[in-house]
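Taking it in order: structure first as structure tokens, then the write-up.
Just so it is clear, A, B, C, D, E and F label the chains in written order, and each chain counts residues from 1 on its own.
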Amino acid sequence: MIHLHHIHKSFGRLEVLRGVDLAFDRPGITAVLGPNGSGKSTLLKSILGMVLPDQGEIHFNGKPIDNLGQYRKDISYLPQIARFPENLRVRELIRMIESFRSQPSQSAELIHQFGLESVLDSQLGHLSGGTRQKVNLVLTLMYDTPVIILDEPTAGLDPVAMVKLKELIIQAREDGKILLITTHIMSLVEELADRVVFLLEGRIYFDGKPDELKQRVDEPNLEKAIANLLSGGHLTPIQPLDASSKPIKKMNGNVVQPQLKY
Amino acid sequence: MIHLHHIHKSFGRLEVLRGVDLAFDRPGITAVLGPNGSGKSTLLKSILGMVLPDQGEIHFNGKPIDNLGQYRKDISYLPQIARFPENLRVRELIRMIESFRSQPSQSAELIHQFGLESVLDSQLGHLSGGTRQKVNLVLTLMYDTPVIILDEPTAGLDPVAMVKLKELIIQAREDGKILLITTHIMSLVEELADRVVFLLEGRIYFDGKPDELKQRVDEPNLEKAIANLLSGGHLTPIQPLDASSKPIKKMNGNVVQPQLKY
Amino acid sequence: KLHVGAGQPFATIQAAMDEARSGDQVIVHPGLYRECPVVVNKSITLTGYGMPVLDALGEKEGIIIEADSVTIEGFEIRNTGYSYIEDRAGIRIKRTKAFTIRNNRLILTFFGIYLEHAKSGRVINNAILGKPLAEANSGNGIHLWYCKDIDIVGNLIRGHRDGIYFEFATQSRVRRNISEQNLRYGLHFMFSNDDIYTGNTFRDNGAGVAVMFSSRIHMLNNLFHLNWGQAAYGLLLKEIYDAEIRENVFQKNTVGIFTEGSNRIHYKDNDFLNNGWAVKVAGACEKNDFIRNNFIGNSFDFAAVGNMETNRIEENFWGDYSGYDLDKNGIGDIPYRPIKLFNYVVDQTPETIILMRSLLVEILNFSEKVSPVLTPAEVSDAMPNMHRYIR
Amino acid sequence: MLRIIRYSFADLIRSRWLYFYTGFYLVLTGALFLISADLSKVIVSLMNAILFIVPLVALLFGVMVQYNTREFTELLLAQPIPRRSIFLGQYLGIATALAISFLLGAGIPFILSGIFLSGEIWNFSILLLSGILLSYIFSALGYLLALINDNRIRGFGLAILVWLLLAVVYDGLFLLGLAWFSDYPLENVAIGVTVFNPIDLARILILLKLDVSALMGYTGAVFNKFLGTSLGMGLALTILVVWAVLPVSMIRYISLRKDF
Amino acid sequence: MLRIIRYSFADLIRSRWLYFYTGFYLVLTGALFLISADLSKVIVSLMNAILFIVPLVALLFGVMVQYNTREFTELLLAQPIPRRSIFLGQYLGIATALAISFLLGAGIPFILSGIFLSGEIWNFSILLLSGILLSYIFSALGYLLALINDNRIRGFGLAILVWLLLAVVYDGLFLLGLAWFSDYPLENVAIGVTVFNPIDLARILILLKLDVSALMGYTGAVFNKFLGTSLGMGLALTILVVWAVLPVSMIRYISLRKDF
Amino acid sequence: STGPQPISYGEDACNFCKMTIVDQQHSAEAVTLKGKVYKFDAIECLVHYVSPLDEATFSHLLVANYDQPGSLMDAQTSSYLISPNLPSPMGAFLNAFDDANRSAAMQTSMTGELHSWESLKTTLTLKNQIPQ
């Protein structure tokens, strides 16, 4: 469904993505992991066309993505840092986004599920951190799309909302959707992820099942496994540096063998 | 050190704090818990004088807090939603905050600990979510103050940074500081908190040790304990509604008996 | 009465005139007469009934009057043709007096009515129509050369070089004529004194009226309208003295009045409306009065070069006056200075007119208003009227 | 795109600012009418105000709205909307709002005064047209400046600077130049230079209607030949439209290349 | 407070905008000197520009900086700095920056021209004083407007509106009123009405000193006639200072009561 | 465009006397080295305009050919006839011919005095132009 071929992206002199090849074809939850600043959000944004790669191509449903963005009808995206027009009321914002997208929306139900009825008439600038994130989630999940991209969805959510969110994510997986999630909460990854992509300094260092990752690092706890990965420092990316050469192997789900040294 | 007497605060018709009495006198870590929108951030901000209560008094070191804010020399505060001047560079921001506070600063060390050297010359608006939070942490923790208030400090941090943060928090407790932390990550509370304050709809429903809380709800897992508290719905605040009556008992550390019905 | 025409006693005008005696009336019936030039050398009245046509066939004059007390009326005279060598005319009056030229229509005559050394005659209600589209080679509509005591009344003159031309013509009166679309001037005085023109309309000429090298001309109650172009003036005054210019209306001309080397002239009670320049004084003008005029909606109210000290500018109404009248006597408390800095700039560099009404120009004008450096301080109305004069 | 335009438009209306702007022109035009009953004089005064205020307000609001809708833009970028629709739509929203505001504010008093019955209708239309074109041109410039400069203070500073340049300084330099080189034939140069400043161009369009009598006195009759004809008029209008299109295509260019 | 002023000042300087602003005045004043060597004339021309531009720029930058430093303000609120220092400091930072910018830009050419040797020094000081007072007054108004209105578009709209009202429409309405009630003695009304417009006051202040009756306008003439020069000046100056103090104390009042 | 320009008769104005140029037999034009064009309704106006100036600053001095109305020729090489029988627009009775034979022939039929460009500049003064 989503294919990234050799994506490079620099901001000024900073190379954020240095040749990323990825494919998301099968339904399921992929956790995109990596330390702060490793390029996770940049990667997700380039799928959305919000960041424009310097090199490489992104295909969605077999077609290269374009500026017209019609393909985004099939994607729901939760931004990490949600910037809202602070004067708007929650109700207005939701209605506005709905008005730009002529798909049936489940906003009412989601509002109910996250208990946002009472803040519908509050201005977005006056919301508490967690409530803001709930609004952000409603805006994202209100459409029934085959692809859902969530950048740090749990930030600031209280336990009740968190449970709700997990239910929604699991439901989406059961509906056969493709989910891409970044998070730093390993328990969540452990609970949900079917596949883990580990990003470091703009390259992919692991792409496979969570269990495989634990096996490789010989560490039953995922959090520690990742910490090991990082602190060990003996890492090799699974893709060549050279942008001109073809990727060794087309990534497809979790069949790629990670080539980690540790 | 910090005494809140019967604090009331409304935003428009929304009563956010409805008579909060609290005291923080002993060193240690207090976790302020509660669902989204329960008034945690508002409570912390009113200690800082950023939110001005409608009723009640706040004393810091025995003196009522005032608009001159000299008492804030003794407080470090990490805001939940960090708004930065987005054009500024990280280095400039840190230097700027330092210039406003003539106390010795440990910024250099913290920068090193969070590995921020490489982003010192980036504009704040270009930082990744986690990096932003790290900068926020550096700005907060660079002064040696007896009181540290952290509103959702872990948001967006990667595991390595999280470990670092915990170390710093524990170090602060060992240094005899008073720490107030809000978070929705119960594992963190379990790991760190000496005292838990549970806020709901602007009233305090529990104030005591985490273990006590678990006992009350008869649930060994804190996360579930809190969930129980909320979903049970049979709650009574430990303070009287009537603003004119004196608080039943002066709060002092964790000696108050919570009066939860369940 | 002698009748000329098809089925009349006389077939040709000439034949009738040969028979006529002084005081007779020759009546010409409708028809086309190809016997130009018709020379009238007896004191008769030549009357056309139903507009008989005299066609000069492009190479002759129309009628030539060589006797006193002749009246010509009711003819259409056309097609004299053009010549560089001679000034052909529709009607020529030669050294005679007491003539009347009335109710004729002159079409495509080189010169219309040509008066040389004529006296005490009247030219009334004629229509003199040249080429509608002005062309370089055309004569004057009514041409006076060494004449005296002539009345020119109610004529319509269109499409000539000058509509009415006075050279050495004195003590004459020009009233209620319409002179328009003439190549050069609607009315032109050269070396002519003691004339009056009133109630005329000069529209869309190269310039409305030019008065040159003449004295004691009275100009009353005329309308100068739409005289547009680089050298277009409502009224052009050059080397004239002791004139009265009163109660005229100058509307939408490029320059309302342009005056040069003209002295002792009274400009009173005129309306200057929506002209490019209302009054342009080009120098060497002394002892003139500009009094009780309305200046409204002109791009520039006044322009002057040279010393203006002996001239008087008073009690005018200036549409652009922004002063106040604290004592409420109807007269502004501070003088009005009609010359703006921008006038001066445009005079120096005409191209700058492209900047007219720009913010910059407003600012420049304002600053010059304070303490004039480039514009003459003496051009100033010390008693500007607060209200428009209604007439 | 239409939805975005409508939304951006509605947003401005909600801020109630547009009412004030309309009201300002209403008051201004109304006051001018009360002070002077002479239509053509009102048109002249109004022209002065328009040439000076429309560009300023449009520039500032272009900048303002761009900065203010950055969050909104980020939200929209994840929606199935073409990028150019987002930015051009926002721009068209402001520009149209400003233009309509101006049209109503300046137009209503004129209509009430019975312009349709008078001969000034054509002058008046040119005035309105110029105001509208200037609204579009300068809000595009403002929007563009804000899009290029992330530093808001600099963005605003540049907007004010652009305004000062085009409204005052440009003409000043032009005037000095003309005075300096007055020995040379400058008619064509003068017209050429004017073309590069939309405010000047708009001014001349109006001038041609109002001050023809004075302009006719211009040497070489260049005006006559160039601008006085309907061809010249058409050309001037075309250049104004180009002035509007240029920054818009810059907005488009930049918006298609920006990361968020 | 001093640190905040300094910081806010430095922030404006970094945006490089101030250089342009200073440069603009330098160019303007320089150009005026080129056109005319007459000092008092330059002063009056400059006055005109100042009365238009200083209020506009100060208003816009007051608004701008308030909105732009909201994040910064939130950071500072947690620091041991008195609230009023934060807000007043920011305001004083902008106002002072603008005032200094103006002072340098307008002053340097005058000093170079040898103003100290001429008799115009006093007139010149009044001019500079007016510019400075206007900078302070209008940046306070702008800052205040932004503080009150969280909706940025509305804040900006109001700022532009205030400017249009005070700089453009006010006189027109006043004249209209005069024409309307011309049968009544209006002197006191005129003085009263003038008091509500600092731009008018500043103009009168300068003109009373220069005694250019041609430019004084109705209100100025009334001032001159009924108050005399020194009393008139004293009154005008006092009210101007009140105009500066009033919005500042409003800023203080509001800032002490706002939640963040 | 630094060359001469055609005169629009009936539209252009005389740079010296401000009158509209209508007479194709007597018009004149001067072009400066910098390319500025000045037009005149009569040759005498050109003479009056140029006399006080330095002729070297002009690239062209042109006068109308009496025999070919509307066409301009070089003023310095033309031959001039002042004849009471050949009036000119500004009263100088001044006419220009393209060669000396032709002007001499005209002189015999029309009377008057012959001039060259140079002699013209000295004989023609504003004063003697105005009769009366």
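Heads up, the rule we're going with is that a contact is a pair of C-beta atoms (placed from the backbone, for glycine too) under 8 Å apart; a residue touches a chain by one contact, two chains touch by 3 or more.
This structure is a prediction, so every number in the text was calculated from the model and none was measured.
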- Query: If you check the contacts of chain C and chain D, which chains show up for both?
  - Reply: E, F
- Pick same or different for copies chain A and chain B, depending on whether their interface residues overlap by over half. same
- Query: Once chain D is fitted to chain E on CA atoms, what angle does the rotation have, in steps of 5 degrees?
  - Reply: 175
- So the chain most remote from chain C by C-alpha centre is B
- D-F versus C-F: which has more C-beta pairs touching? C-F
- Item | Chain whose averaged C-alpha position falls nearest the assembly-wide average | D
- Message: Could you work out how far the Cα centre of chain A sits from that of chain B, in whole Å?
- Response: 29
- Message: So the centre of each chain is just the mean of its C-alpha atoms; given that, what is the distance between chain A and chain C in Å?
- Response: 89
- So what's the Cα centroid distance for chain A and chain E, whole Å? 52
- Query: Where in chain B do residues touch two or more other chains at once?
  - Reply: 11, 86
- Residues of chain C whose C-beta touches two or more other chains: 229-230, 232, 363
- Note on the structure: Touching at least 2 other chains, the residues of chain D are 68, 151-152, 172, 221
- Mind giving me all the chain pairs that touch? A-B, A-D, A-E, B-D, B-E, C-D, C-E, C-F, D-E, D-F
- Would you tell me which residues of chain A are touching chain B in their complex? 11, 14, 34-37, 40-41, 80-81, 119, 122, 126-134, 151-152, 155-163, 184-187, 223, 226-227, 230-231
- Note on the structure: Per the touch rule above, chain A residues touching chain E in the complex are 86-87, 125
- Note on the structure: Listed in rising order, the residues of chain E that touch chain D in the complex are 11-12, 15-17, 20-21, 24, 27, 31, 53, 56-57, 60-61, 64-65, 67-68, 151-154, 156-158, 160-161, 164-165, 168-169, 172-173, 175-176, 179
- Message: With touch defined as at the start, can you tell me which chain E residues reach chain B in the complex?
- Response: 3-4, 7, 68-72, 74-84, 256-257, 259-260
- Task: State the interface residues of chain A toward chain D in the complex, per the touch definition above.
- Result: 11, 45, 48-52, 67-73, 75, 77, 79, 83-86, 96-97, 99-101, 139
